[in-house]
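Below, chain A partners chain B and then partners chain C, in two separate complexes.
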Partner chain A sequence: MSIITILLALPLLGVLLIGISARRPGAAKFIALVASGLVLAGSVYLLGQFDPAASGYQFEQITPWFPAFCVSFAVGLDSLSLPLFMLTALLGFLVVVYSWNVTERAPFYFGLLLLLETGVLGVFSALDFFLFYIFWEVVLIPMFFLIGIWGGGRRSYASMKFLIYTHVASLVMVLAIGAMFFKAGDILGHYTFLIPEITGVFFEPGFQVLVFGALLFAFCVKLPVVPLHTWLPDAHVEAPTAASVLLAGVLLKMGGYGLIRVGYMIHPVAAGIYMPLIVVLALVSIVYGSYAAFTQDDLKKLIAYSSISHMGFVLLGLASQTEAGVLGAVYQMVAHGIISAALFMGCGVIQHNCGTRQISRLGGLYSRMPAAMTLLVLAFFASMGIPGFMGFMAEFSVMLGVYQRFGLLVLLVALGAVLAVGYYLWAFQRVAFGALPKDMQNVRDIHWFELVPMVVLLVLALYFGLQPDGMVEYMQGSVDMLLWDPIMD
Partner chain B sequence: MLPYSYLIPMPVLVGLLLTLALGHKLKLKCAFIGMAGTVCSFLMAAACAPAVFGAGESFAFSFAWFDDLQISFQVDNLSLILLLLVSFLATLILIYAYGYMEHEEGLTRFFAEVQLFVFAMLSMVLAENLLQVFVFWEIMGLCSYLLIGFWFMKPSAAAAAKKAFLVTRVGDVIMLIGIIMLFDIFGSVNYHVMLSAAAAGAYDPGQLTIAMFCIFGGVIGKSAQFPLHVWLPDAMEGPTPVSALIHAATMVKAGIYLCARLFPLFALVPAVTNFMIVIGTITALGTALMAVVNCDFKRILAFSTLSQLGFMVVALGSLNYVAAVLHLINHAFFKALLFMGAGSAIHCAGTNDIRQMGGLLKYQKVTGLTILAATVSIAGIPPFSGFWSKDEILLAAYGASPVAFWLLAFTSMLTAFYMFRLFFVAFCGEKRGDYEGHESPFPMIFPLAVLAVFALGSGILTEPVTHLLGEVHMPETHLPMIISVCAVALGVAASAAVYYFRVFDPAKAASALKPLHTLLLNRYYIDRLYEKLSALVAVNLARLGDCCDRYVIDGVVNLVGWASVKLADFCRWFDYNVIDGAVRGFCFVVSGCGVYLRRYAAGGLQSYLGWALAGVFVLLLAAMGGVMFL
Partner chain C sequence: MNTITLDQLIPLLPELLLALAAMIVMLLPRRAGKAAWGIAAATLAAAAVMCAVLWGVDAELLGGAYRVDGFCVFAQVMLLSLGFINIIGSVDFTGTITRAKEYYALLLAAMLGLVLIPGATDYITLTIGFELASIATYTLPMVDPSNPKGREASLKYYLMGAFSSALIFYGLSLLYGFTGTLSIRGAAEVIALVGIHPALAAAFVLMLAGYGYKMALVPLHMWAADTYTGASAPTTGFISGVTQKGAFIVAMKIVLVTFGLGLSVASAILGLLCVITMTVGNVLALQQSDVKRMLAYSSVAHAGNILVGITVATGLAVAGSFLHIWAHALMTIGGFFVLRMVAQAKGGTEIKHFRGLAKEMPYTAAAFMLILFSYGGVPPLLGFWGKMLMTVAAVGRGGWYTALALLLVLNSALSLVYYARVIREMYAKPSEVAPVADMPRGFSWQGLAVWLAVGLLLVLGLFPGQLTDFAAMAVDALS
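On to the complex of A and B.
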């Protein structure tokens, strides 16, 4: 049995234990902490065992599951999924810490967090399309309840919108997977759901165009890409902080990961044909997302729109199909995962301590909560792509790739980068500087359980910004895989 | 020492970490940690001097960083001059800050940010590739942002900080594109690779021209040239030591330094150097005019900094980067001195407005005299330092563009005029404000005295620096010098006549030229134009995007949802009324028939018999009819 299987089972075991001990709600957070901590420790062990030089999947396990339907339980990690798997394990642990003072229906809450963690870990490690789809759906349900129960005023609208929107996208994805299943079965002579086997099949271009179109739609909803994005700001606004952190930190990456793993790797010809459309969508997302962020009065909505803008970089880097661009795209996924998690945590601190996130009602908070504001401004700087933080290396790499492929189109990307500085500084000036509103004279500073996760995230963002080579070494394999050109071969 | 020269910024970094760790206990004494760091850096740089300046050695060092990019350092004549200058000035300014910031809150933050800045500046100077330059370039911008907003409770300071960062960021992003283009052209952004490839002619001229324009875009932002100059005057909202260090002596020179570094590349594209002359001249003249009418001590100095930076950019555009570097050095000394003197005077008078000072020389002998030393130097009175470098620049401009030369000569006259105006109004005449005059404490006036020596005497560096950086061909003529000395004399004389001897009232001149005066006081309305434009472009477009999201995209999404609900309602209606209606109707008919027929099945034998007979009759009738019909 692969260690990945154990890591996938651990959070479920935690859910079970929480269920058994439901009479003692206080125990839930400790169980969740231990379960997610063990997952984190296990994934660090995986990282140590992983051989970045080897190609293909590692820690593989393929066990027949429903042989009659050709379904097997297959998991494994390669250089593309390992960083995202690590990111999920890290954020899964940190949000449990961050939620330390949640008491409202605590067992249910921590159980959902653990279930969500299993789902996302499963998506990143599944090597069987059937399993991939199951995990993909497992992710939706806990998030739906997290938003619907612990959310804000319009939580039922937001949670329904989230569920229906993303569910429609996954149904389209299922159609595409089914088409690939039958087509690959015809070509191979036997039916299989195994991703590595289907990746090896060369589909005819006409079929690729059809299936890639469906996949592009499905994953662009998840990423999200303008104009399929409006579920995200609403979901963020209503979601509790921990759910927002996971939503922005890892759920959006499922879209990017799926697009690479299922879209680009299996349908490279169609990816080339769709390139102009993808570039337009990405540029629109970058610029439109930044503009829309400018005018938001809700700090969280502002950050949500900036996420849309930053995920546009992922799409654009992939579309460039250059080494720098693709590396930047993959790096940006991890960078955004770490940085946006810190941003939403900072935003959550303001929400919890001041009772509002409305920028127009805040002000002068630096004098009352210096630690929180310092961390928040560092997260802002990291997000706007200040050198020294991860985001800069990712954006630089994407811009380099874009210039190499598309020339001065990079100016539009640069516009996005300038706008990011604008909306963040505007927001920070109004939140942290100036006069303190009367009703906020006694707000307290950040709690330790909010401080620790933010510090960990920012230190990581800084470390991998100054020393990117450590992570790039692990990602190089996936970049080489993606740059495989079927026409050249 | 040279092999370890890449460690020069390290003492400052160690100081920064110590400040962060111990700051809450040490408070003001953090300044000593900072001084120790900068002094160590200075000594390390000085220890490299014999090998570099004397033996002409240089040093380079690199290791892999990200993909094809490396971290690389370089120490040669130019970078060592800058290293010495920055660490020396930083030390003096930290001493000054020890006195100036005595009664402030948040000192740990202040000293940590200053040290981060010094670290970034030293690292930028040491960097041997453009991407690394960019990294520290941005960190400097960040420190500038944080330090301008040091008094963050003041809305004007917070706004100025944001403006400074945003405006320079526009330039920085353009520069980043330039760096990307250079990477594409040369396959590397390391200086030695780019310069040797350029020397060998291995580049596409069109692409290089665009790339160098983009790089110069970054310089325009950081060195505050027209049209991105608007952030620097507002940056004076920061504490005075910050204005002296970052916004006069060091950070704003980063652009000049970068141009000097990449000078061989710039020299290959005449379009860019010509553009530099135009931009530099516009900035030099336009900002000097604003300095003439302004009454805020620090803003006059800020406009003057802009103007002097314009001179340096013209020197670069005239292909004489040595003159630019010379002026950079001299300007660093006298402008740092002027700002620190300004801080001392403002401390004493309690206001920034020079009209409310007056007669400060009586109370502040050291401050007044050192400011006078800086004034004669910046005005360009021979033989003080400013004269030498300004003369070189004017000579270079004379060779490159006569128009630029005459405009700069006029600007020299204005420089002499507004600097002496500042001195006469603030330090001479009677006391006009309501304040207790006193000299500043020793930590504040000691750096002034040291800098005064350099401000007066750094002209003697002209020869050795020119020797180190290499001779540049210059026109053989003394005409520009004669013209500039005359212009300066005129400026000083006019200033003395108006503001010292009071031959006539300057207010009359102002009212006579009211439209011009208003235009200059409002900074040509450029700031306001930008505000309106950014409101238009950013805010309104953003609102449009937001509305589009709320009403168009979400409109469609909600419409789909609404339509689905309506469809479901219709299905329910259809189910209930049509399908279920049919079922119910069938039941109704069947049960209705039953009710009706029940009457005839009430159990009477006679009626059963009667019905049976009637049935037989009907059947017989039908059979007979059938037979007949067939």
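On to the complex of A and C.
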């Protein structure tokens, strides 16, 4: 049995224990902390054992599960999925810490967080398309409950919208998977759902175009890409902070990961054919996301729109099909995972302590909560791409790739980055400085359990911004895999 | 060959047992409702086991009118086990009525008719079985005199049923007139030889329409919502979860054996019916504020789902149909028992009665949540696998079947909207209607039936391999 299987089972075991001890609601958070902490420790161990020089999957386990239908329980990690797996384990642990003072239906809440963690870890480590899809769907349910129960005023609407959008997208993905299953079966001579085997098959271009179109739709909803993004601001605004952190930090990455693993790696020809469309979508996302962020009065909605803009960089870097662009895209996924998590945590601190996130109702908070404001502005800096933070490395790399491939189109991308500086600084100025509203004279500063996760995230963002080689070494293998492209070369 | 010998009766022991039990239950004294329940449940369990033992047997019986093979055994075991789960929970209901023993006698008679269907090799035997099952079920909804809606439900079901029988007989007479045989396989051979005559197409449409009533395909579904809502939970579970599934077995025989392969237009008609049934059922279900009515319309939609597999008609697709028949029957039986428990505890099944249910009846709410997710096709519950197999098979067949797969998928997404709504009301909303003071708590037989159904949905969902293997072998035996 692979250690990945154990890591997938640990949160589920936690759910079980929480269920057994449901009569003592206070125990739930400790169980969740231990379970997610063990997952984090285990994944750090995985990182130590991982050989970045080797190609292919490591820690593999393939066990037949449903032989009549060629489905197996297959997990493994390669240089593309390992960073995302680590990111999930890290955020899964930090949100449990961050949620330390949640008391409303605590067992249910922490159980859902753990279930969500299993789902996302499963998506990133599944090597069987069927398993991949099942984990993909498993992710939806806890998030639906987290938004629907602990959310804000319009939680019913937001949770339902989230469920419908992402469910429709994943069902379209199923159709694509089904088509690949049969086509690959015809070509290989035996039917299989194993991702490595199907990745090795070369599909005819006409077929690729059809399937890649379906996949592009499915993953662009998740990423999200304008115009399929409308579920995201609603879901973020209504979701409790921990759910927002996971939503932005890892759930969006599922879209990017899927696009790379299933889209680009299996259908490179179609990816080349769709390139103009993808570039347009990415540019629209970057510019529209930044522009929309400018006009928001709700701090959380602002961050949500900035997420759309930042995920546009992922799409654009992939579309450029240059080494710098693809590396930037993969790096941006991890960078955005870490930075957006810090952003949403900072936003959550303001909401919990001040009772509102309306920028127009806030002001002068620096005098009352200096620690929180310092962390928030650092997160803003990281997100707007100040050199020294991860975000800069990623976005610069993408822009380099875009320049190599598309020339001056890079100016449009830069516009998005410039707008980001504008809306963040303007928002921070209105929140932190100016007159303190009367009802906020006595707000308290950040709690320890909110401080620790934010500090950890910002330190990581700074560390990998100054020392990108450490992570790039692990990602190089996946970039090489992606750049094999008969049309581009 | 054509003489009936005593040893030929051995494979027929399950059927004989059912007939015997029905008669014994009928002869019981009036107040022996509980004894009748025990006998009926034990009989179904014993018959299911006896059928299961016949797995692997391949024998023609009764002068070629009846055939025990993989398909027959699989379908019989399926119907008998579903009937068994349903009957286990029925005792809470029959404890409140005076005609309990008649209820069980009718159920057993209906089961006898149903288990004759999979084994029938000609349309005479098949019709005898189907009519026996139908006529016995017509009376079930009105067995509780205190339920005024039951009579309406019963009458509607009966009138529609009688009409559908007329259509079936007309179709059969056309089939006989043009092929000279009523043998299910023989007719197929004649059709393959002489080709399709317009009158045969008419026969197909008439038979499809007749059985379509029983399957509750749109536009022949009007009875379903009223009958399912009006009848009491165990009866609805039986009609929707067991009797209706018999009609799908018939449809498999008509479509896959007698007509399907020779008639491409038949496939198109079926495809259209699937799409209309799924879409109309889901749209109507979306608008309901009564959860019982919502489940009734969702049953209509699921009939369309099951038919997708029969339309696509590859081995994988029909196996998917079988899996979905299992899933839908379990969900319906469990779901309607949950509705009965909620109605007892809170006085109704409107959406408002479900608010805050997670706090008041945590176990029931959890079971219902799993059932609803399974309805919506969320993995890894059993409701997911059938749809999945059918979708993948449809994509694999290509052509316009891909569009059918897409519509199945979109309908599945649409259906999740109203299922998720109920789950949200149970878990995310505060209670609105207080439970009645004497709310039943602790063990109940209907609760056991619910958890049996949910347990099977979970276990078969986590380990679907064996069931799919059996289903695939059953389909092999058919073709």
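Everything that follows uses one rule, which is that the second predicted complex is superposed on the first by the 486 of 489 C-alpha atoms of A that agree within 3 Å, B and C clash if a C-alpha of one lies under 4 Å from a C-alpha of the other, contacts with A are read in each partner's own complex, and residues count from 1 in each chain.
Simple rule for what comes next: a contact is a pair of C-beta atoms (placed from the backbone, for glycine too) under 8 Å apart; a residue touches a chain by one contact, two chains touch by 3 or more.
As the structure is a prediction and not an experimental result, all values here were calculated from the model.
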TODO: Applying the touch criterion given at the start, work out whether A:A292 contacts chain B, chain C, both or neither, answering first, second, both or neither.
DONE: first
Task: Which superposed partner A:F381 touches (first chain B, second chain C, both, neither) - done: first
Open item on the list: Once chain A of both complexes is superposed, is A:P276 in touch with chain B (first), chain C (second), both, or neither?
Closed with: neither
TODO: Scan A:A68 for contacts with chain B and chain C and give back first, second, both or neither.
DONE: second
- [ ] Considering only touches as defined above, state whether A:L163 meets chain B (first), chain C (second), both or neither.
- [x] second
Open item on the list: Contacts for A:D469 in the overlay, against chain B (first) and chain C (second): which applies, first, second, both or neither?
Closed with: first
- [ ] Figure out whether A:I149 sits in contact with chain B (first) or chain C (second), or with both, or with neither.
- [x] second
TODO: Check whether chain B or chain C contacts more residues of chain A in the superposed model.
DONE: B
Open item on the list: Let me test your reading of the model: by the given contact rule, A:V174 touches which partner, first (chain B), second (chain C), both or neither?
Closed with: second
Open item on the list: Please report the chain A residues shared by its interface with chain B and its interface with chain C.
Closed with: 164
Open item on the list: If we count contacts the way the header does, which residues on chain A are in touch with chain B in the complex?
Closed with: 161, 164-165, 226-227, 229-231, 233, 288, 291-296, 323-324, 327, 364, 366-367, 381, 386-388, 392-393, 396-397, 399-400, 403-404, 410-411, 414, 417-419, 421-422, 425-426, 429, 432-435, 468-469, 472
- [ ] In the complex, go through chain B and note every residue touching chain A.
- [x] 64-67, 131, 134-136, 138-139, 142, 145, 149, 152-153, 155, 157-159, 161-162, 165-166, 169-170, 173-174, 176-177, 180-181, 183-184, 534, 538-539, 541-546, 549, 553-554, 557, 561
- [ ] Flag every residue of chain A that touches chain C in the complex, lowest number first.
- [x] 65-69, 133-134, 137-138, 140-141, 144-145, 148-149, 155-156, 159-160, 163-164, 167-168, 171-172, 174-175, 177-179, 181-182
TODO: Quick one: which bits of chain C touch chain A in the complex? Just the residue numbers, please.
DONE: 373, 378-380, 384, 388-389, 391-392, 395-396, 402, 405-406, 409-410, 412-413, 416-417, 420-421, 424, 427-428, 463-465, 468-469, 472
